[in-house]
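First chain written, first letter: the chains are A, B, C, D, E and F, and each begins at residue 1.
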Amino acid sequence: MSNPTNPTWGLPWNFAGLDAEYSAFDSSRVAVLPVGYDFSTSYQGGTRWGPHAILTASRNMEVWDDELGATYQAGIHTLPELETTALGPTDMAKRVEEAFDWMYAAGKLPVMLGGEHSITAGAVRSALKKYPKLSVLQLDAHADMRDSYLDSPDSHACVMRRIREVCPASSVGIRSLSEEEAQYLKAHPAPMWSTRQFRALKGDWKAILDSLSDDVFITFDLDGLDPAYLPGTGTPEPGGLDWYEASDLIGAVAAKKRIVGFDVVELAPLPGNVASDFLAARMTYRMIGHMLKSQSNGAASGSAKSAAATGAR
Amino acid sequence: MSNPTNPTWGLPWNFAGLDAEYSAFDSSRVAVLPVGYDFSTSYQGGTRWGPHAILTASRNMEVWDDELGATYQAGIHTLPELETTALGPTDMAKRVEEAFDWMYAAGKLPVMLGGEHSITAGAVRSALKKYPKLSVLQLDAHADMRDSYLDSPDSHACVMRRIREVCPASSVGIRSLSEEEAQYLKAHPAPMWSTRQFRALKGDWKAILDSLSDDVFITFDLDGLDPAYLPGTGTPEPGGLDWYEASDLIGAVAAKKRIVGFDVVELAPLPGNVASDFLAARMTYRMIGHMLKSQSNGAASGSAKSAAATGAR
Amino acid sequence: MSNPTNPTWGLPWNFAGLDAEYSAFDSSRVAVLPVGYDFSTSYQGGTRWGPHAILTASRNMEVWDDELGATYQAGIHTLPELETTALGPTDMAKRVEEAFDWMYAAGKLPVMLGGEHSITAGAVRSALKKYPKLSVLQLDAHADMRDSYLDSPDSHACVMRRIREVCPASSVGIRSLSEEEAQYLKAHPAPMWSTRQFRALKGDWKAILDSLSDDVFITFDLDGLDPAYLPGTGTPEPGGLDWYEASDLIGAVAAKKRIVGFDVVELAPLPGNVASDFLAARMTYRMIGHMLKSQSNGAASGSAKSAAATGAR
Amino acid sequence: MSNPTNPTWGLPWNFAGLDAEYSAFDSSRVAVLPVGYDFSTSYQGGTRWGPHAILTASRNMEVWDDELGATYQAGIHTLPELETTALGPTDMAKRVEEAFDWMYAAGKLPVMLGGEHSITAGAVRSALKKYPKLSVLQLDAHADMRDSYLDSPDSHACVMRRIREVCPASSVGIRSLSEEEAQYLKAHPAPMWSTRQFRALKGDWKAILDSLSDDVFITFDLDGLDPAYLPGTGTPEPGGLDWYEASDLIGAVAAKKRIVGFDVVELAPLPGNVASDFLAARMTYRMIGHMLKSQSNGAASGSAKSAAATGAR
Amino acid sequence: MSNPTNPTWGLPWNFAGLDAEYSAFDSSRVAVLPVGYDFSTSYQGGTRWGPHAILTASRNMEVWDDELGATYQAGIHTLPELETTALGPTDMAKRVEEAFDWMYAAGKLPVMLGGEHSITAGAVRSALKKYPKLSVLQLDAHADMRDSYLDSPDSHACVMRRIREVCPASSVGIRSLSEEEAQYLKAHPAPMWSTRQFRALKGDWKAILDSLSDDVFITFDLDGLDPAYLPGTGTPEPGGLDWYEASDLIGAVAAKKRIVGFDVVELAPLPGNVASDFLAARMTYRMIGHMLKSQSNGAASGSAKSAAATGAR
Amino acid sequence: MSNPTNPTWGLPWNFAGLDAEYSAFDSSRVAVLPVGYDFSTSYQGGTRWGPHAILTASRNMEVWDDELGATYQAGIHTLPELETTALGPTDMAKRVEEAFDWMYAAGKLPVMLGGEHSITAGAVRSALKKYPKLSVLQLDAHADMRDSYLDSPDSHACVMRRIREVCPASSVGIRSLSEEEAQYLKAHPAPMWSTRQFRALKGDWKAILDSLSDDVFITFDLDGLDPAYLPGTGTPEPGGLDWYEASDLIGAVAAKKRIVGFDVVELAPLPGNVASDFLAARMTYRMIGHMLKSQSNGAASGSAKSAAATGAR
């Protein structure tokens, strides 16, 4: 047998299906962390498979972003899935926090793919250590402001209550609250725009931007979008944002602030309908592009400057 | 064995998952009647499971309505499913009429969950006995103005023809007619707005409101919504209303008229995609809220006053 | 309006759709406890909806068992769903244990519908308090004999390891083990039959019966069945039991032993295919019938005699 | 433009995708009548689409039957769908009866694709007019021996009760009865074999054959098969027949009796899983082959002889 | 047996379920060609079943177009499916070209139902022979301007590159390009509007119309629509057109130009959700209506005049 | 920030989710090649996603084979997906042949995951170069013995015709042939057992083994199994093999012959039902175990000996 030809390989298994040149750990500016944690006792489950579905869809997405261009050239490394724990959301959030610490220490801009929303608490705690003036922008249908849910203070239904205890947060798309949350928010007002209130701004988002500090972590619970666009989520609330509203708002944040990490959570893939997965992949990529462009904004806080500098390509 | 602890029970099985305090028959202002009647020879079936899906979804919905507040406090009792009959839609509509008579006699504000649209005829006939000046607001994609369909004058495709024979009716969202219906409506004009015509009103809905009497029964065939928002219906016609258009129109009616009952019909749940079910549950709850608020409107007609008074909490 | 006719109601919402005569708490010999606990980080989730799917299917099942007759006449009460906890499987199992204590104290024969397998530990611990000579019959594809899984000793993957620490157990249908489980079982042999070994018995199940004590709790992880018959489960392992093998084995146990409770767990309903749900409902009903007939077997152990006597109708 | 080439057409739209040579009405020995009647208030609907799914699947089936050979050469004509009526199953069965009268008058061997089981009553009544000594072989999970169901004596749940009032019938695969049916059958025994009883015959089916007259109409409710093989049906009862049991039994009947028509009913196609549809298509084709071979059996009864003679190719 | 009544047949199997009067080949102005070609190595397949799904849905659509009226009266003939070839897209496009030649020679206005987009090349080549001044309007999410894809210059991903080599083309809805396509289009500008650019026109579509010649072939890749409205396609890109934008643009083209044929491609039906199929059927019918009305526009080019004249009814 | 802890990673993305120790290329005895080629114009598509589904399922499978033990310890390396070509099955099979040449040259035992059956031709041609006395064992429902299909001699429907032109082949499970295939096989007999004939052997498989040479390539078209066990395939033919029949036959071959490579093809994953995927993963792993054990059988032919020796761990 003569010297055999090397096979023609298809795309590698990683976010966006990038060749080693653009996805090796050392040379990548961005790190994508899949966290298929799905300890959800509410309504529909399935976010266990959210990161898998985003990765699968992302490999069939054009890596040329039609609005932002060749985002991939900054390098996007996909990490293995973070192992889950059965000990409850408190422990899981700690594990996420450690993984974010590790990513920040490596000089990466972190992106987390969920998974249920409870994991965001760990991500924000880690970001806050690095960026002490951090604020959080939440896109979501639900306030997630309960004090406790199913015996846990760290349930997905409580995550923004916990986050607001440690740093400021602004919320867009909120259209579902429990009575207790409504009463709490009446007593403790927070910057929050329902879809209707957001649309009443007619694109003048200065109030939202002003409510945020210079260093912003974005947590995008995909049910902030209308279920028409993203039916694949656990509690699909009618009356949500559309693709352009959500991606343009993020673009506006990126134009003025520095995005220091983000997550895209609560994708629960539907059987036989990949539209939600594909949107989530495109949104993640769009957000990576905006995050990268935003790095030149704002004064550095804490130790971010050097890491960002050394991590940049 | 020592005295055992009482178990921690989850939500009860009823609309909105309400505790007995807010769902017992006697103390409830509203009665929800599930009618899973699905004698449909057209296209996709499945409305048999519509009421079940709405109830299931409603238990995972926040009972705090983000626009109307604590609607549940008026009391919402969920009745058992009405047994169906195999003798055809004429007999089934009579059974529905009797059930509405029974609900009205008990002083309840009736809500029917369908099921195919043919059942509305019975509901309206009953309401008309109680409210002689009744008019009907139909949200729908289809005119339902055939004189007969598959040999029956009481098919879902004829229901508004039958209703218009006994009381005035106005229709919004209509974008699908047969040639016979189009010709009939040309000869016998009825107040009817397609989605395009509705949008041309730019929110000035006076003409719609003026076409209705003070006592209004609303029949919401969910295919009046665009299939983007509600794909789970038997004949999903493109070009329909969105969540805000439909719920705001109902709110506008409630602000000026008295809503004396309503139905939400033609939900045909999709396998593995609950977005339609959830929207239908939220819409039903929103409509209950509007109906309750509307009770203070208009002069009482017929025997409604005393019943409403005694039934209120 | 004349005195209205009472509506013709459909079947009530409970296991088998039984009228009050056969489903009221006080007069029922059997209590069915739905436990939609689904804290599963492995493969496919969805057991959250298992109890709901079994109840839904059971209402369309004939209550005349073609092999056992009018089982329902003993009375079968369906309890509300047990509320879940987000604090991990250890806490959840305790909650199940308390609920079983409460059912036993009320003189009921307990039936639990799962939900993931971890909940069985609590059920068995409660049964063991009442029946000190209890043994457990496990039908399952997996040994569930890990010492710990995802940091928890009470994960579904460990449940039979925990149970075997407190009482004897025999297992049928096992065809999937981890290497650690295989090594542990080599060192600590347990009565265990793979499908192949079970079939090699050619219906002579004396060895299985002999391995059990007089008072038997049956835990039926539905993946013990072949996925051909029950595809709706989280980890569908090929090579399992069929309907007759499983139900006949349970009948054989009932003929010789006293069944003092059982569970049917790990149903993860498939979208758009109810065959698994329906089988699970029929199997639950068959097992109730066998359990009831088995009550006349065996010497009473502990305090069971009086409770069984008083609870019987 | 020069004279254009005729396009290369794919298979025509008819049962088995047969060219005109083997599917034209006049030259075909067999006529296939699709009846998508689905007036079902029980459990899962969807038989409306059964005939469509069988036709679709049949076009992808090899027309060479691996056990019976070139069945298609006798000619198989596919009729349009019979229009349904909304007036209830009594009227629909009459419409089916007329269609069978019409097919028999045209000298065709009739095959009906359902649709719910109620339609069989009309088919049998027509066959009985032509073959006065007719008997019926039912393959089914359910006895269908209720006297009335949902107010109708002609519901699918009553169809064999009605048929047994006019001609003898034998049943195989029955494993689900209501208590009333069980009592009725105790008082009025009928030849009936459950799956278990059928298997106990170990292939000696003389008793079944002896219970039938020479002219046999077969009604195959597909839920007679185990849901493992055919999950796509409205009430999938565990413990049913397999492919070989059912097709071999029909072969045995064909070897001794004359099959004078048959139906295949209660296919309710599953979303995204065509295995049931494909089996139903193969079974229909296998039964056509057996029916054709059986034509040489038995003495002619009534006017069948001449029609069969002239209709044969 | 007396003279049997003719059965009451349901709708025939063809586009829109038209009776022979409006669907016979000779008398029909329009011919619909189903081409279920699905040689797709990208992401989700399934366009093989697109034409079947459109035909199935179209039979349940009202043939009275609520905006255009009795379109069917011009006659719409449905051809058999074009047989596919396994030799690759180059050969398949040639087969499509021949079929279009044959339809044009028969004086029909051709409509093709796909199937993947590669088949459009053949349709356009044929139309160009008949209408030498042809231009193409593409509605699509993707530019389809690659020079080669998976070794083939005739892949679906290259089809507009090939078409632009032979005639002008304008594109609307484009929001996904590869980097190579972006660079090529920078060097070789083409009239192309993304959804965002299209909306920026605020309904003034003069620039789009001016970019087209008088004779227009429309190729509608359904993924040009937003996945909210049409999730059933292989690569559902967020941010697309809605029903009114797409159908109104086509209406605007029809008002000024002569539409000489069109295709509707890339429908990949979803399991258990017919909304996409139904929209595709309605869109096809709407486009037929517009095409028919447009026939009175523009000067005839080439040999079209006489054919159109003789083919008209 | 102190030195961060390394995150706890989940299983890697490869067949069986093996750590580097057991999956690195150099140290692995077995190489798994995913080939998601799906150029299928027949019935249901979807084999494009077969390899992906097998890999996904395999990560949730126990790597301890309950019958063969610690198979993974030989090392199993998962290659990237082979890129597909749009030039037709002839070109694709050549690409597969080159990839097998490359795997054999690297001393690996090759395993291919399909994808449609046409790819097997390339695998067998490569194996034949290495093992000149090769024979092929086909498990399949279809003969695949057409001479040409859809213009191509290398279609999936022709693959065994092509293979039998170059080496002997035996077939088990065959129950679907075209008339042409039946006639060809009558004229050119081949060792072939239908399911019925296979079962008639009652486990005495000597005739099958005798029909094979010492070096065997196994091609397992999963539709050889009954659709009850594996519904997720393009043409699910009733009457197939079960799990034990298929895996035991392969075990019997492994006990006597040397298995020099194999493929598992035609998995077309179902939406929302992973049972087929999981079975395919378990079967692949079982076959790897048997292949490894079989390496000690038979005399070496050609250059295999040294490669096998050096490749073994």
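Things worth noting here:
Basically, a contact is a pair of C-beta atoms (placed from the backbone, for glycine too) under 8 Å apart; a residue touches a chain by one contact, two chains touch by 3 or more.
Since the structure is predicted, the reported quantities are computational estimates derived from the model, not experimental observations.
Here the chain-to-chain distance from subunit A to subunit F, counted in touching steps, is 1. Rounded to whole angstrom, the centroid-to-centroid distance between subunit D and subunit E, based on C-alpha atoms, equals 40 Å. Among the residues of subunit F, those touching two or more other chains are numbered 36, 83-84, 226, 228, 271-273.
Taken together, the touching pairs cover every possible pairing of the chains. By the touch criterion stated above, subunit F contacts subunit D in their complex at residues 42-44, 174-179, 181-182, 194, 196, 226-228, 231-232, 235-239, 270-273.
By the touch criterion stated above, subunit A contacts subunit D in their complex at residues 271-272.
Across the complex, subunit F meets subunit A through its residues 1, 3-13, 33, 36, 52, 56, 79-84, 95, 98-99, 101-102, 104-105, 129-130, 271-272, 303. Touching subunit F in their complex are the following residues of subunit D: 57, 60-64, 66, 69-70, 226, 228-229, 243-244, 271-275, 278-279, 282-283.
Of all the residues in subunit F, the ones that touch subunit E in their complex are 36-41, 45-46, 48, 83-89, 91, 149-152, 155, 271.
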